[in-house]
Amino acid sequence: MPCDTRSLSLVRSLNPMKLRLNLATILGGIGLALMAFDPAFAQDAAPTVNKGDTTWMLISTILVILMTIPGLALFYGGLVRTKNMLSLLMQVFSVFSLVAILWVIYGYSLAFSTGSESIGAFIGGFSKVFLAGVTTDSTADTFTKGVAIPEFTFLAFQLTFAAITPALIVGAFAERIKFKAVMLFTFLWLTFVYLPIAHMVWFSEGYLFKLGALDFAGGTVVHINSGVAGLIGALLVGKRIGYGRDLLAPHSLTLTFVGACLLWVGWFGFNAGSNLEATGGAALALLNTILAPAAAGLAWTAVESFEKGKASLLGIASGAVAGLVAITPAAGLAGPMGAIVLGLVAGVVCYFAVTTVKNALGYDDALDVFGIHGIGGIVGAIGTGIVAAPSLGGYGAGEYTIAGQVWTQFIAVVVTLLWTGIGSLILYKIVDLTLGLRATYEAEREGLDLADHGERAYNY
Amino acid sequence: MKIVMAVIKPFKLEEVRDALTSLGVHGLTVTEVKGYGRQKGHTEIYRGAEYAVSFLPKLKIEVAVPTEIVPKVIEGITLAARTGQIGDGKIFVVPLEKAVRIRTGEADADAL
Amino acid sequence: MPCDTRSLSLVRSLNPMKLRLNLATILGGIGLALMAFDPAFAQDAAPTVNKGDTTWMLISTILVILMTIPGLALFYGGLVRTKNMLSLLMQVFSVFSLVAILWVIYGYSLAFSTGSESIGAFIGGFSKVFLAGVTTDSTADTFTKGVAIPEFTFLAFQLTFAAITPALIVGAFAERIKFKAVMLFTFLWLTFVYLPIAHMVWFSEGYLFKLGALDFAGGTVVHINSGVAGLIGALLVGKRIGYGRDLLAPHSLTLTFVGACLLWVGWFGFNAGSNLEATGGAALALLNTILAPAAAGLAWTAVESFEKGKASLLGIASGAVAGLVAITPAAGLAGPMGAIVLGLVAGVVCYFAVTTVKNALGYDDALDVFGIHGIGGIVGAIGTGIVAAPSLGGYGAGEYTIAGQVWTQFIAVVVTLLWTGIGSLILYKIVDLTLGLRATYEAEREGLDLADHGERAYNY
Amino acid sequence: MPCDTRSLSLVRSLNPMKLRLNLATILGGIGLALMAFDPAFAQDAAPTVNKGDTTWMLISTILVILMTIPGLALFYGGLVRTKNMLSLLMQVFSVFSLVAILWVIYGYSLAFSTGSESIGAFIGGFSKVFLAGVTTDSTADTFTKGVAIPEFTFLAFQLTFAAITPALIVGAFAERIKFKAVMLFTFLWLTFVYLPIAHMVWFSEGYLFKLGALDFAGGTVVHINSGVAGLIGALLVGKRIGYGRDLLAPHSLTLTFVGACLLWVGWFGFNAGSNLEATGGAALALLNTILAPAAAGLAWTAVESFEKGKASLLGIASGAVAGLVAITPAAGLAGPMGAIVLGLVAGVVCYFAVTTVKNALGYDDALDVFGIHGIGGIVGAIGTGIVAAPSLGGYGAGEYTIAGQVWTQFIAVVVTLLWTGIGSLILYKIVDLTLGLRATYEAEREGLDLADHGERAYNY
Amino acid sequence: MKIVMAVIKPFKLEEVRDALTSLGVHGLTVTEVKGYGRQKGHTEIYRGAEYAVSFLPKLKIEVAVPTEIVPKVIEGITLAARTGQIGDGKIFVVPLEKAVRIRTGEADADAL
Amino acid sequence: MKIVMAVIKPFKLEEVRDALTSLGVHGLTVTEVKGYGRQKGHTEIYRGAEYAVSFLPKLKIEVAVPTEIVPKVIEGITLAARTGQIGDGKIFVVPLEKAVRIRTGEADADAL
């Protein structure tokens, strides 16, 4: 729960992440109410920076990096065949590095600064390009009036969100994509899909901001966004040679397990860090980020045991990731029991998405980016409308009606689906026409590690 | 001389080795192989995709021996490697025309 | 050192962890003494929450999770044969997930709430079942009067202790237990062994609380408890096929090494986090948690070099874990030199426990849960009575006599031994009679990964 | 940026790390200027300890440990052949453990206490041997007047720097050194090379302290120091059997990747932790520690693609580490764009050092300790003089002239080169004459794992 | 009886197995090997050190069959394993003097 | 034609390959094996449990050659693989009745 006082209920029914930078202005209008709680704020012009918060946000940033490299890279890498191991590690690592640079050059500015009057609802401006004006003294507001964090902290934390999102996509077309295509696509997709959506959802002047959807830590921006882009990618790049016929078994479930654990651990930074302050709200987000994946993993293996007679490690790990995805938008808004229920639902739904629906439709989403991030993200986004309800022990505020909030959530999901769906489709086509998306038959047979990178993962 | 080549269950290696040693055969070469045969394999399931794995881990033992002890060698391996279940494996005997010990250059019987 | 003022000596001679929730009441009686140091406290009704502390406890919680998944899972997994790798990973991950859910449903309440008058010394009540009454605003006291942390933080931190303890046990009967048996046993053991012991030791109304034993971070509750349960399990489940005859060599010491390092890193959260505040006392606990395992690892390999002529990686890693176990109860109470001595002793004693005593007695404690956690825990519990002595540079307080404290420590060890020994025995029998403990001969031959989970760890 | 006010410019043009313990005295002279900014300081005798800072430093300490074990160990281990895997892991783990103990016995005292009048500029004294006088209440100053951290925190943080430095060296003579030789050399080198250099550079009375070189987080003390010692070691121990003829390919680039990621993650503690406080300056250091390696990795692979036609994973990982090394002395002093430029330069220079220069000169620096830490360290040390310039967006202060600062940096590099070059040479000779450095031919053939440690890393 | 030993490209295993099954051969043993031949290898580069790797991953299939079906077995394997590119591999036929099924002790034709 | 099968020390592979190439033999197949023989193994110790490991890593080389060059091949391998220490390995010669190149269907001498 990002806000501490009931008087903020008006604001709290909006998406909390949107408030980050421009909360101060909004709060102006309700300042009087706040004064009753903390008179000191009224006379306090400059926001105070608490070192406990700064430390918490530094750590959260580091945790999201750990979640990406090596976390996500290992989770994905373990699932592919030996001959493509390095290609996955390389893609995740390169995407992370590339986005980090792009972020400070223009990404932060386009996402988190005021844009032109005409299209400012969809994309920011160039005032912070090359981090102009950002210094060790500049700050970004948190959700609590008068409390800020160093702007470098905020922007580094946001950098990690921008970096992991395109890295999530690469799992969908794993084992058959050209490395250079991934790099070009990442550049385009960050610019034309991620930055606009982040701006629309999280910036106070953004289009989706005004819809009032709840998204605590990025369910739409990160998960639905990457999940759908992955699905389009899997469809356009086509199936792997031998898909549906050969044994395309994971080369190391051990590494996938390590990756899943590091995803989980790093996700605490992702979710509880999105609280921007080290408060009881952050602790709640952390607890929910323990409970939802635990429940989802157990739910997945329960269904699996029932259907196949055996509970698998890949099953519980996949379920846990699905639970992490689902709790993301609700992390600081659901009560602990709500988190468990959301996890149980996500575990079951994603199980069927991955094992049944995918096989029925026949697309080759190699590492189930859509099945887990896309579907799990949708379950989470809609579910947040329910579990955030105070009547169900949640921390959603204002005049909360479940039906109304669920409808708002639904709209936000649809808008995200459309933007990323159409945008990604166009960008894939551009890459395909310039560099080409798909590796050659020989490269795919030999493995991308040797073909694209000239190395082999293992020489035992 | 013959090469006796046996495909056995992996956990039987020590017993087979001991059986051969007791026959005075003090050298052998072992390879990890995958066997396909009557023994049914297992099913692996990864995220709902089921794979029937019909190749099972086996060990292949190759031992060069003088022709006269071949029957005993076959008997020794058979007894040591048998569990009575399908998949215990096979023994093949192949002619061996020449054997040389690299270290000394000794040939044939002396090389074994 | 959990408390900052000498006037707390009366309280500090008790087990610091016991104080967590109910310190306020106790401190009432000595409030006057405190006023001399900080008059502000006297008029301060509501405890203050410091964001630095909150951040520290959030991080500590995350570190203990890292220590369990993937830390402990890899440490154990690397030590088994390839065919049982996933079964170990699965058991640790599932136990963690299951306990997380049980903890918020009834575990926290039974451990940390007031129980009925008759048996309240042994088990808590149901007032906090489903986390009733816990909100983002409720707090839990630390060891310093007037300083509190969000209750969600405290309960999440405690959750991780409850989760790792049964996960430690699975090493003892590794490679031959049924997966379902592990799950049922975990449920029973958490309920009937862990929760009562945690309540008795850490809750102010608990039976062992009143004995006055020192246990900074859970030497009895976590290590002796799991070590003994492991020993009983190893005896009841029986030896692995081929034990003592075949080469049962670790399939990947590399993974065991990674696990050992993550155990070490996570243990900083475990031990220094048990200080509940980010103070010089936490820093001391952290330093001791560097020194004791360093000394223990070196001691183990020194003896090994002397006995076998070679210092092994598994040796130094095992020694380090033994040192971590031993310093746990003394982490914030020993001085740095005391920590080194405790580490040296633990390294040598556990070396002999694992290499000589186990072989002499002939039980198959596959991954030496008893040899390292049980024996190391006992060395630490007794040793704490010595190294905490102020005369030896320790931070034990009050009218400290080494002999008296060692006797108290001894009693606490014996009580723990008996409760967990008898309790575990009964629970194993129940599981054996219902689901059966031991995997079939064929499953054990084939490996539990295929037999129980339908997967293989590696497909190189 | 360690200091918050412009009035500290005089001090800030010096090496910030030197200020740690003795800042208070120095600041006395400029106290009046400070009063204008914060009058409270004038009357504040005892420094205040902020729990946010304490938490940040505890975490930073933990991160540097994670960076060493398992980070560095895996980075190195993955690069050697299977048969020497454990020897690398063992060396890193043992060096860490040994230095931890030596540090609290005499290392901290010799590095961070006042020495005798005659040689006090080169080495500290014995007043803090066995941590005499250090308690949970003693503090160490930060760069901000009146702000301190618990001394145990400071000394634990410094312990990790002392431990990782000799561990870095072992990569140079990997796969052919005797284990016992490593241990003896570590003891000697810590005592006679590391401690004096740390004292000279970081202690207020040290010789290099007075030169006024900038070194935010240890570019000279850690990286140039270990890089040069590695080069000397590689030359003295000689080439591996088969070097230049056989395929000495890394046995697991996967593990090297994991190690590189953990190095990166841990380096945030190393660099941003060197700020000693959780401020905007720490956030800048963290951001720079994201950007420089990202840029360096991309630069390395860009050159590689151009030269060899393929971008490799080992390339981007090596580049990232080179970038981390280069940004170390500049972490809190460069602006983000300066960090990117420094990274780009380091990536390109180290690429040629490792791929061309090494092969041309023909020495067998097995894991490129000199090529990456030595050369990258020099690039960083000199480059810091440029990117710290306020005119280039840097945070260097005072009357800053680029030419003047670069010259100072150059001097500091030369002094470090000479001390460690000559010192290491002598110590290697001593070890060679006593225990012998090189493993026997048979041991090297068989692999050090079996020969020195009696174990094998993998039993698949 | 003969042992037909074929070195093939790894991804051809399933097809070869199917070809053999359709000839009534229901057992075979597979080994992972490295082959050196006309097919050129690849170059690996680790930190600027280039290695020409000329040993390529192949699978070796060993199948014991009655002499009369050897031609058909050769044909079946050839067709199934052929891609037409260099490196498709070789088939070797070696005499087999005796075969024994370990489980039952059956010999020769009965053992296959 | 014969199949010459040699068990050698792993680090001798390149030298043996070069020796064969210089004899005009441009194809061979290599398998990682474990050998048991006179060469004594080593001891591994895991937490005090000592294991005597008597199977040592070796490489098995199989090369099909025309009968007439067999003596030269044996000599070449022997010289290249010899270190003079116990465990240098063995060379076995087995009759080869037929060889086929899968890619072209060429047979016997043409297939090698």
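Before moving on, here are some points about what is shown:
Every chain is named by a letter (A, B, C, D, E and F) in the order it is written, and numbering of its residues begins at 1.
What we mean here is this: a residue touches a chain if its C-beta (ideal position, glycine included) is under 8 Å from a C-beta of that chain, and two chains touch if they have at least 3 such contacts.
Note that the coordinates shown come from a computational prediction; the quantities given were computed from them, not determined experimentally.
Each step here moves to a touching chain, and the least such steps from subunit C to subunit F number 1.
Distance from the subunit B centre to the subunit C centre is 48 Å, each centre being the mean of its Cα atoms. With centres defined as mean CA coordinates, subunit B is found 54 Å away from subunit A.
Each chain gets a centre from the mean of its Cα atoms; for subunit A and subunit D, those two points are 34 Å apart. Annotation for subunit D: residues 50-53, 55, 59, 247, 249-250, 308, 310, 312, 314, 454-456, 458, 460 touch two or more other chains. Shared interface positions of subunit B, i.e. residues touching 2 or more other chains, are given as 31, 44-46, 94-95.
Under the contact rule defined at the top, the touching pairs of chains are A-B, A-C, A-D, A-E, B-C, B-E, B-F, C-D, C-F, D-E, D-F, E-F. Here subunit C touches subunit F in the complex through residues 247-250, 308, 310, 312, 314-315, 318, 351, 354-356, 358-359, 368, going by the rule given at the top.
On the subunit E side of its complex with subunit F, the touching residues are 2, 6-8, 31-38, 55, 58, 60, 70, 74, 77-78, 81-95. Against subunit A, in their complex, subunit C makes its touches with residues 49-55, 57-59, 61-62, 65-66, 69-70, 73-74, 77, 85-86, 89-90, 93-94, 96-98, 100-101, 104, 130-131, 134-139, 150-153, 155-156, 159, 179, 255, 452-460. The part of subunit E that touches subunit A in the complex is made up of residues 11, 14, 42-46.
Interface residues of subunit F facing subunit E in the complex, by the touch rule stated above, are 3, 17, 26-31, 64, 94-103, 105, 111-112.
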